[in-house]
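In the two complexes below, chain A is the common chain; its partner is chain B in one and chain C in the other.
After this line comes the complex of A and B, so read on.
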């Protein structure tokens, strides 16, 4: 049984991210291609390629998701957010053909999360993105389920290599189910073992207490 | 849920034993057991049967279905039909394991029974995965779990529930304009 000293907060996956989820925090610094629609005076140091002190209107630059989300406003037009290439028409066709061959870890590694977050920026392609992301998940599901439920006592690194972060967590739950069952079948779960919390516990040294 | 917890639930099932000691009726919270007389069959829960067996105080009578012919029939039926067929006991897997591990000397052809039950189990798990996949790919909203046993559901539960949660989120993405209902999950 996996006993952990804390419960990790799962990623939000949808439009809303979970504030306390480590995955969502990592996701929020994914870079998005943007174009500025107003000049940013004296912020030139943010853009390494420019040597002027200001960021001119119409500069193309990359912004982390959290910044783009903060600056984006459909009425005031501060920045325009482009789609990363994985979500563009060309790649969408690839995902439509066979999502199983794509290395989502290289493309993502937060393909589903970022795909959902992109819907915050009003783009005419939004419905298509949402549809593609959903279909990709649905069609990759079988493989994740089968490989996670069948790989027992073998090296799984080749199986998870091409999986997106969210898919990896699914894979882990599948493996946990399989391992629990196999342990029970072999009669290992009836043996009592010390809790992992107790095993990890070390007595604090006197010196630490004194100090 | 851990498989050992499912096994714990299975231990409440009744099984017939033939004791070789005598004891008056025992009054327990879960019901009265006994009286026990040497040679007279009596129904007790599995946990008690195993305990008595370990102390060599009884002989366990295997349940009706724990029989090579019946199990072969069930296995063939399971392979033939596309749906899940009803199992002889909601805890067939757990009971087979418990009884065969602790009382294999009271059960004729124990090894064959073990193989047959395992075969049936494998067929059912393959079916379960197939239906889980079609459930996801057709994006259904509900499914009936007729004739599935707790242990079977338990092996796939965690993975499946997480997947469905993710799928639900990805699906709500397709209906924009519901942003007003912003809320955190917890």
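After this line comes the complex of A and C, so read on.
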């Protein structure tokens, strides 16, 4: 693998949120079920079922995480944030039984990120959510590490399919490490190669010409 | 919902994850800025109303719009910053002269920034290692020998090496050249490093 001079801004760790990270911005776009606890005058057009000009108190609506986080205030009652169903009691039991069979990409794809962000909202279930998210990761990690270190020159799409976004990037790092090690063993690590950036540009240009 | 245009900008960059620079989405940026302007003006008039008539029920709405403003601001900042990181990477991957197809994807400000970055880097490299300066974009991997075997991947024309000899870089021809002369050409995909 060629050295890459572009590394994107890394996402924040745990409950943190990195302002400039593209991943964190996409994560905070995830929708949460919310209930308004105060009226929002003149914003009725944002809510499909409402026929008045206002969002009434007690309206159930889906809000993106960034908005819920911005409006939420533990002292003043503005919005109440509900848990998405994968973090509720029922699903927590499933994760407790065997986290390896769950398709986290379908459930998430930001299962860990969103789970950590939910801890910003005071909820009596917070400790349980945190515990489940942590245990899920611990029990899935072994398989991810194992497969990323041993699948060499194979089609990995079946392995990656069920992984959450964060797990995918872990898997990719593992694979990159494995490939670099194999190159070193073959004595190829001192070979200079064309920049992958340049090569990809060229591929795309050819594709455009053919189209 | 507000902020949809802004997230679209971010998605656009996220889709191309390997550091390539997509065309600058001037139209997208303009639309986001328009949305922000509208939000700001609505908020301004509601703030005045809330102040003069004591209409405190407007406050949640004002906060709502303010969150959307901040969200749009964050998306645009991240969009521009991530593009800058990609522009910076171009200097290291392509060298100081960019192909026109790449330059075409940059905004005027990004081109300006690239030129400034190029200059700063050059000034820094001149200040290193005594009289002649030090090219820090060279030897990205530790060199094992001064000369290396290379094969031409495509026709590149004539090429002059230190001692004044001119060699013709013709497709599929093989040469034994000073390493520091060909590293950039290898990175640009003109030459291929042959391991013996």
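Quick note on the criterion: the second predicted complex is superposed on the first by the 189 of 211 C-alpha atoms of A that agree within 3 Å, B and C clash if a C-alpha of one lies under 4 Å from a C-alpha of the other, contacts with A are read in each partner's own complex, and residues count from 1 in each chain.
The rule we apply is simple: contacts are C-beta pairs under 8 Å (C-beta built on N, C-alpha and C of every residue); 3 or more make two chains touch, one makes a residue touch a chain.
Since the structure is predicted, the reported quantities are computational estimates derived from the model, not experimental observations.
*Asks:* So in the superposed three-chain picture, is A:157 touching just chain B, just chain C, both, or none of them (first/second/both/neither)?
*Replies:* neither
*Asks:* For A:192, select first, second, both or neither according to whether it touches chain B, chain C, the two together, or no partner.
*Replies:* Touch status of A:192: second partner only.
*Asks:* Of the partners chain B and chain C, which touch A:177 in the superposed model: first, second, both, neither?
*Replies:* In the superposed model, A:177 contacts chain B only, not chain C.
*Asks:* Tell me the contact category for A:19 with respect to chain B and chain C: first, second, both or neither.
*Replies:* both
*Asks:* Touch check for A:127: first (chain B), second (chain C), both, or neither?
*Replies:* Once the two structures are laid over each other on A, A:127 reaches chain B alone.
*Asks:* Please indicate which partner A:141 is in contact with in the superposed arrangement: first for chain B, second for chain C, both, or neither.
*Replies:* first
*Asks:* For chain A, what residues appear in both contact lists, the one with chain B and the one with chain C?
*Replies:* 9, 19, 187, 189-190.
*Asks:* Quick check on the complex: what are the chain A residues that touch chain B?
*Replies:* 1, 9-10, 12-16, 18-19, 112, 116, 119, 126-127, 130-131, 133-134, 137-139, 141-142, 144-146, 148-149, 166, 169-170, 173-174, 176-178, 180-181, 183-185, 187, 189-190
*Asks:* Hey, which residues of chain B end up touching chain A in the complex?
*Replies:* It is residues 2-4, 7, 97, 101, 125, 129, 132-133, 136-137, 139, 151, 154-160, 162-163, 165-167, 169-174, 176, 179, 182-186 of chain B that touch chain A.
*Asks:* For the complex, give me every residue of chain C touching chain A.
*Replies:* 1-3, 7, 10-11, 13-14, 17-20, 42, 46, 57-58, 60-61, 63-64, 66-68, 70-71, 74-75, 77-78, 81-82, 85-86, 88-90, 92-94, 99, 101-102, 140-142, 144, 148, 183, 186-189, 192-193, 195
*Asks:* What does chain A use to touch chain C in their complex?
*Replies:* 3-9, 19-23, 25-26, 29, 38-43, 46, 64, 66-67, 70-71, 78, 187-202, 204-205
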